[in-house]
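My questions will all concern the structure given below.
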Amino acid sequence: MEENVFHHVLPIQLRFNDVDKFGHVNNTVYFSFYDLGKTEYFASVCRRVDWNRTGIVVVHIEADFIEQIFASDHIAVRTAVCEIGTKSFQLLQQVIDTKSGRVKCVCRSVMVTFDLERHETIPLPEEWVADICEYEGRDLRKKKR
Amino acid sequence: MEENVFHHVLPIQLRFNDVDKFGHVNNTVYFSFYDLGKTEYFASVCRRVDWNRTGIVVVHIEADFIEQIFASDHIAVRTAVCEIGTKSFQLLQQVIDTKSGRVKCVCRSVMVTFDLERHETIPLPEEWVADICEYEGRDLRKKKR
Amino acid sequence: MEENVFHHVLPIQLRFNDVDKFGHVNNTVYFSFYDLGKTEYFASVCRRVDWNRTGIVVVHIEADFIEQIFASDHIAVRTAVCEIGTKSFQLLQQVIDTKSGRVKCVCRSVMVTFDLERHETIPLPEEWVADICEYEGRDLRKKKR
Amino acid sequence: MEENVFHHVLPIQLRFNDVDKFGHVNNTVYFSFYDLGKTEYFASVCRRVDWNRTGIVVVHIEADFIEQIFASDHIAVRTAVCEIGTKSFQLLQQVIDTKSGRVKCVCRSVMVTFDLERHETIPLPEEWVADICEYEGRDLRKKKR
């Protein structure tokens, strides 16, 4: 996955209070950047999904914090779906410095699709899978063996 | 109003990221303290209100920042309704240091009641006014002249 | 002041969690928008100030909430200094919808300048006042009578 | 580790805006709960550390979201150090419902100690390791083979 090409990049506007008393962006705030990248990704890629009926729920998230981010840095979140199963899919994200291109943080998360009315997990809608694979330029469906 | 006695006091748990790079609690965070005090006040005082139908909307808020708050301080929010009109009411709140009793910030806000289903302002429910006046121990209804 | 022309406009990137359970941007979050507008204003207008020595402290803030903001709205913060005293100055800010131009919220705040090393308020630096007046295109110094 | 006994439990005060538009506590907010649990843990267990010189930096964090948290829930964060290496240590944390005892989220993180003045990672101070092992009631030092 290291050679992953990210098609989706969202510049992030830092806020004054993102920075904690150590003078760098607080670790907990990174996850709201990833949240924003994820939201924009699905809003732009999966246009045929009715977001009032279908939600995305994070079940697992893991992040490696590589370098600090300071108030004056210009950063962006890169987002890619990297694997699609029947009931869940994986997202790979990075926070990068847009000037240097350096990777500040890497995040992997596992998500499930959720029926917001019946409050239960559902298989990924087919049109959703198709849209994502087309956007990413490859078949992301997990191979059955 | 200065002699106002506050019956409602809610201790606030500070969070790590409430503190900004200047080492004190960021001004914007105070408003989430007031929000919390307000929510607890109405949940405990106005028990006969159906909060799924009726909401409270802030239309005006003003605050005086008197002293800084530091991460190690123990603080609380004092909340009192100080005047009730037909379609709006006024709230007086303070953030205090619970050890010294010093007032860190004073906030006044004007709120209206709102029908969450029909999306329009409504007169304050009578039982609500009665509960508040009883809790505060005095008639807060604005006098008509 | 209603006819105030704003020279400084900063688009705001909404975050997923700015929206509360009522489906609109939570009132407390507006103040972080104003904070961001203020920070950018002073960083771009007052370039001759050493921000490691001199800080700005908010002593009073008041806001009128006019219309709700939703997750899909595009908003910006307008910022102008509207009056300068010897030890304090006033800021006028608006949150606007960038598509409709409608004003969502108006905020006035009073600030003092602060020596971050000696921890005391100081008179506004002269070069600061000059830069602001030039940027705003008029003399904002409070007239003595 | 599943049989881990947690000695450190910190009740968390939920804030109004912790809840997002789906009506549950937003995933990103959990990390500020963990941050708070961690801060309180080290402040109470490692009293001989000079926190103005030595900081703790998170390098890796992973969390499993098991159940949703709602505004009316009463929650707490459990924190335990579960392994200590020479330059890093591991923290195990849980968000639990204090009424039902159910585990809402599990978090593991890897941290390094950091010299705040020289801006470099340092070996864990010996007195720190001793205090943690005493508090946890067992030797947490990674065995060399």
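All chains are identified by letter, namely A, B, C and D, in their written order; residue positions are counted from 1 within each chain.
In this text, contacts are C-beta pairs under 8 Å (C-beta built on N, C-alpha and C of every residue); 3 or more make two chains touch, one makes a residue touch a chain.
Treat the numbers as computed from the prediction; the structure is a model and nothing was measured.
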Task: Copies subunit B and subunit C touch via same or different residues, half shared test - done: same
Open item on the list: Using only Cα atoms to place each chain's centre, name the chain farthest from subunit D.
Closed with: C
Task: subunit B and subunit C: spacing of chain centres that average the CA atoms, whole Å - done: 24
- [ ] Could you tell me the distance, in whole angstrom, between the mean C-alpha positions of subunit A and subunit B?
- [x] 37
Task: Residues within subunit C bordering two or more other chains - done: 16-17, 26, 28, 32, 35
Open item on the list: List the residues on subunit B that touch subunit A in their complex, please.
Closed with: 16-17, 19-21, 23, 26, 28-29, 71
TODO: Mind listing the subunit D positions that touch subunit A in their complex?
DONE: 22, 26-28, 31-32, 34-35, 55, 57-65, 116
Open item on the list: Give the list of subunit B residues in touch with subunit D in this complex.
Closed with: 12-13, 15-17, 32, 35-36, 39
